[in-house]
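To keep things simple, chains are lettered A, B, C and D as they appear, and every chain counts its residues starting from 1.
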C-alpha cells in the first residue's frame, strides 16, 4: 500500500486563488484577449502594473530583494486562473528569470535586478530552447568563449518569450563544455538580433534570438557552479507553472464548450442533450479533475526531490493530454462554427498545443517516469 | 502512391460462403453450442461427419490424396461462419496438421494420413506451444534424441487442441539443436500423458501433453530439411484461419448486441436509441469492416511471400483488437444480464481473448510489422 | 481519549505482529477479491473463520459499543488495524453487508432488541447479512422497487424478487427494501425497510452463475413469505430515507462502520510485479517500451484517483463543482480496474488463455477472473454510461437526454 | 476504341514525362491541400495557371465532348493521366466544383447554350465555379434550404445566404440550390437548382477566417439579386433531384467527371518520412518504439480504408450490409486524417509550436495546418457524430434517437 498522499493548500493560497480568479475574469474578457492578438507586445502594460500592485512579480522573491519570500507553489493559484482566461502577461518568464538569478546569479546581478522585478519595474526572460527542439536544456549548440574579460556568444535561441520588451534575457550556452547562463541586458542585445517567431499560440510573443556577434563583460556570467542547479529549478518551475496554466486552460475550454452545448439547438434539442457530446464532456471533466489534483499535489511537494520530479512530470503529462484532447473536441463540438477563427475554441486548442510541446510532451514525461518508477 | 490493392474472391468461394453460412447457422444454434460446453469432446461427431460430406477436411489437400487440391484461402469463407456461430469442430487443427504433413511429411506419412483426413476419417492436431507462452514456434524447450532407431522425447506441450480425440499429434521438438516435427499416433501417446487444460474459451478442448517417456520409431520424424518451412506455413495458416474465425466472431457478437439493443428497453426507450450505445456500435461496425477487408485481402495473397506476411499480420492484429473490444463492450452493453453466464456475450468475449492470445496478439504483430514496414 | 503517538505506535506494532503471525496461509484454491465474489463453500468457510479469528482477537468493531459485542475503544485504534490489514493484504472480512451497512444502521436506528440480537453475530460472522435492494428489470433504480410487503397482524407478507444478492445463499438476514404502499403520493414514500430473516418459508435463493463461471450472487424469491412485523426498521413509508442512510454508511460518508477491509484492492504495483516475472517474446514484459508506457499511465491514473480524494479535503480546491469528484469516483475507479485487469491479462503471452483451475495458469488465474469480475462494478450501481449522464447533467449542467 | 496495352503504356510514359517536365517548382508559399483551402491570391493564381497549363496540354476533360472543349478521347486516357498526377503528387486542379460537379451536371442535363457557354471555361479555369448548398443555421440539412428564388418575368430574385462557399470570392458562377415554392407539399419539392452568376448586383461574398488563421470559405449573401431565368437547370421544383444527381457526380458514383486530382492526399508514408528526419530527444523519432507502433497503426488503417474500397467490388463480401462501407467512408477517412496530422505534429518536439509563416517551421507548417484543416471534414457534410448516428440507424438498424 503506497504512502499517504495529501494536498496542502493554505488559507492564504485559497485567498490568492479567489483574488486571482476575480482579477483575471474581470481584466481578461475574451474580447480583450482577441484585441491583444493584434498588438505587438501581446499584453497590456496597464494590467502588468496592476499585477505589480498585487505583488505577484515578487511573490517568490526573497524579502531582502523586495519580494514576499514565498515559494513558487504560491504562484499556482494565480497562474491557473490566468490560464483559464488566457490572460497575457510576462509573469511566467519574469518569474523564471528571477528564480534563475536567485539560484545562480551573482550578488551584483541579484542586487541589480531582483528589486526591480519585485517592484514590477523590470521584465526578464529566458533563452533556453534551440533549433533541435529537444527538451533537454543541457543539449546546447549555442556557445560562449571568454577572451579579455569579454564573453563572446554564438548560436541562436528559440522561443524567447517577450524578448522584445524584456529588460534582460538570460541565455544558456555551452562554455568550456558545460552549460552556462549569461545575462544580457537591453544594451547588450544587438539591433536586429530578435526575430519574432510565428507560433501556434497567438496570445504569446516569442522571438528567435541570434547570439552571434554579441559580446559582453565577463561579469554578465551567472555563477557557473550553480548553473546546473539553476537549470534544474527552471525546468521544474516551468513544469509546475505550465501545469497550472494547463489546468486553467482546461477549465476555460470547458466553459466555452458548456456554454455552446447549453444554448445551441439542433434537430430541436440543445446539443448538450445528446450523449455523443454529453459523455465526452463528462470524460473531459473527469480528466480535468485528475489534472487539477495532480497539479496541486505537485505544488504541495514542489520542494522535495525525487518525489517532486515524479509529481511534476505526472502533472504535466496528465494535464497536457487532457488539454489537447479537450481543445480538439471543443472544435468538433462547435460544428461549422468551430471551424472558424471567430469561435473561441481555437484560442484554447492553440494554447493546448503550445502547452503540450513546451518542456516535454506527455509521451516524453511518461518515458522519464518509467525510468523513475519501474 | 502505393500499389493497387485488390481482393480476389471467386464465384466458387462465394458459393462456399453461402453454403457454410447456411450450414453453420442451422447446425450450430447457441443452445447447441452451450450443450457442447458440457461434453468431453466439445464437438458433435455427427456434424464432423456432415462436414466430411461437404468435403471441407480435404479442401486444401492435393487430389492425389483424395482432397480437392484447393488453397488454404478457400477455407476462409468456411471458417468465418463457423466463428460467427461458435461451431465446434477439429477442422482447424486437422487442416493445420494436414498442411504440416503436405509440406514436411515423408511419402509414407502422407500416404497413410492424408487420404484418411480427406475422407473425414482421421483427426489430426499439433503440439507446438510451450510453457513460456512465446509465440515464436522455434523457441523450443521440448527435446528429442535419436538412439537405436528410436526417437526419445522429453518436455511438455501446451494447448494441444482436441488431443484426446486426435488420431495423431504432430509435436515440435528440438533435435540436434534444430526444430523437428514428430508424428505420434494414438498408439504412441502414453496413458495419462494428456491433461485437459482449463482454458478461457470453453467451446474448445485443449490438452497439456507430457512427452517425457515417449519413444517412437525414427520413421515418425518428418523431413527435417523441410521443418522450418513447415512451421512457417503452419504459422501463416494459423494467422489466416484465426483471422477468419475472428471476423466471424465479431459478426457473431454484433448479432448478440444488436438483438439486445433493439429489444431491451430502459427508461422507456430501446437502449439502442441511446448514442452512448449506438455510437460505439457504429465504431465496432467500422472496425469489423476493416477486419473483414484485411482478412480477405490476406486470403487473396496468401501464397505470396513478404507481402502475405504483412497482410496476415495486419489481419490478425486488426481483427484481434476489434474482437476483444467488441466482446468487452458486449458484456457492458447488456448491463446486469451481461454479467451472467447465461448471456451469450461471454461466449464471445472468451473466444475473443482466445483469438487475441493465440499466435501473437496485436501488439506483437505491430512490433513485427514495424520491422517489416519502417 | 487522546493517546500519545508512542502509544499508538506501540499498538500498531502489536497489530502488525498479530496479523503477521495469525494470517492463515493462502489456501489451495483461489480467494475472491470481495464479498460479492464468494462462490464456493471452501471460500466461504475460509473467510468466515478468518473474520471470527480477527474478531476474537479484538480487531473488529473496536469502536462499537462494548455492550453489544464491540470493543468500546477509540476509532483511531480500528483505523490503525484497518491500515495494517490493507498494508499486509490480509484476506478481507466476509460479512461486509453486516459490518458496513446493516450494523451501522442498527446501531444508529435500531431498537435495543435489534442491537442485542444482531450486532455481536455480525462481528463474529456467526450470522451473515445480505442486501436486497436491486430487482430484476429495474436495474439500479432503487426508488422503483416493486417487491411488496403487506402487513397482516404481527407479520408482513412479502412477495417479489431481489437480484444480485451477494452471499444470499449463506446469509441469515437481509436488509430489504420493499413497497408497503403502492398508492403513496410519491414512489419513494411507499417504501419500507426491513431486517428480514432469510431462512423462512417462502424465501428461496437461486444462485446466479457469473460470466467468470463462478457463483457469487443470488436471485432471491419471496412467495408469500411471512416475516415478523418487528423486522421493520424506521417507520412504515420511511424506507427510502433508511436506505439512503444505509448507503451513506456504506460509502463511508459518515462514521459508524465496524472496520476491517471489505475487499482486496488491485494495485498497479502488482501488475508491475507481474510484468517483471512474465516473459513476452523471450524477455521480461517490463522491458517492452509499450508495456512501460502503459504501466506509467496506470500508475498515474491510480495516483490521480487517490489525489482526487486528497483534494476533496480542501474545499477551496473543489468549490466550483463540489460533487464532481464524489460523483465520478465510481465511474473512474471501476473503469480503471477493468482496463488494468485486462492489461494484466495481456502481459501473459499465449498463457493468457489459461484460466482459473488450470495447474499452470499464472497467479491462479486471478487476472483473467478479475477482468471478468470488473464488469460487476462498471455495470452494478448504475452503468458507466449512466454515470456519464449523471455527471453531464448534474455536475456540468447539460440538458437532459 | 480499345487500344493495345503497349499503346497505353506508351501514352503513360508520355504523360509521365510531360508532368515531370512541366510541373512548376513549389512556390515560396505553402500550397493548400484542396480547393477548399485556397486562401490567398498567390495560391489562387499559381493553381489557376497550373490548371490552364494542364488543360492546354490536353490532359484535362479528355473524355468530354470535343465540341465543347473536351478531348473526345476514351476515358482510359484520363484515368492514366489522373493516376500519374496522383503518383507524382502534382498540384491539384483548382476548379474542382466546375470539373466534378457543375461540368458533369451541365453535360448531363444542360441546354446546348449552357454547354457552349460554360464547359470550355470550366476546363481552362477561366471561370471558377463554387457551390451554394449549405446555409447558416441549417448545418448539412440540404433539404431544408431557405434561400428564396422568386420568378419575376425573365428573372429570378434571390434572397438569403449560403455558407462554406469555397472560392466564393474568385468564382464566376455558383451552383445554387434555392427554394422556389415555400408551400410545396414536401420540403424537397419546393427546391430549384440554378447556375447562378456570382458577379451580379445584390450578391456579396464575405470571406470566413478559419481556425488556421487563413481564409478559404465565404459566406455568400443574396439581397434581391436578379439572375436570368434561364439560369435554371432542370425544371422548377426539381432542384432536389438535380442536387442528388450532382452529388452522385461528386462522389464519382457515376462517370462524367473531367478528371485531374482535386486534392492532395496525405499518406502515412509522408509521416514516416517526417519521423525519419525529425529528432525527438536527440534521436530520430522513428527509432522510438511508441512512434513505431503508432506508425504501424496508421499504416494498417490507411490500408484498411483502401481495402474496404477494394472489397466493395466483391458483392459476395458486402451483401449482408451493402451500405456499411460506403456510408462509413467519410467518417473513417476524415477521422483518420485528423489523427494522423495531429500525430505528425507531435513528432516535432518543441518545434511543433512553430506555425505556418515561420522561417524555421518544419515542412512549412503543413502538419499543423493540416491538423486544423482536418476538422473541415470531420464537421462538414455531417459531423462524425451524425455519421455514427446514421450508421447505427440505417446500417445496423438501431432505433432512432
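Convention: contacts are C-beta pairs under 8 Å (C-beta built on N, C-alpha and C of every residue); 3 or more make two chains touch, one makes a residue touch a chain.
This structure is a prediction, so every number in the text was calculated from the model and none was measured.
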From chain D, the most remote chain by mean C-alpha position: C
C-D against B-D, pair bridged by the larger set of C-beta contacts: B-D
Interchain centroid distance [CA atoms averaged], chain C/chain D, Å: 57
Separation of chain B from chain D, taking each centre as the mean of its C-alpha atoms, in whole Å: 44
Inter-centroid spacing, chain D versus chain A (mean Cα positions, whole Å): 40
Per-residue multi-chain contacts in chain C, two or more chains: 289-290, 293, 385, 388-389, 401
Numbers and ranges of chain B residues touching at least 2 other chains: 274-277, 279, 363
Residues of chain C touching chain A in the complex: 83, 86-87, 89, 267, 269, 272, 286, 289, 292-293, 295-297, 299-301, 303-308, 310-311, 313-314, 316-317, 321, 324-325, 328, 331-332, 385, 387-389, 391-393, 395-401
Chain C contact footprint on chain B (complex, rising order): 129, 131-136, 139, 158-159, 195, 197-202, 208, 266, 274, 276-277, 328, 331-332, 335-336, 338-343, 345-346, 349, 353-354, 356-359, 361, 363-364
Complex contacts: residues of chain A adjacent to chain B: 274-276, 279
Chain C residues within the chain B interface of the complex: 134, 139, 163-164, 208-211, 213, 278-282, 290, 338, 342, 345-346, 348-361, 365, 368, 372, 375-376, 378-380, 383-385, 388-389, 401
Residues of chain C that touch chain D when the two form their complex: 288-290, 293
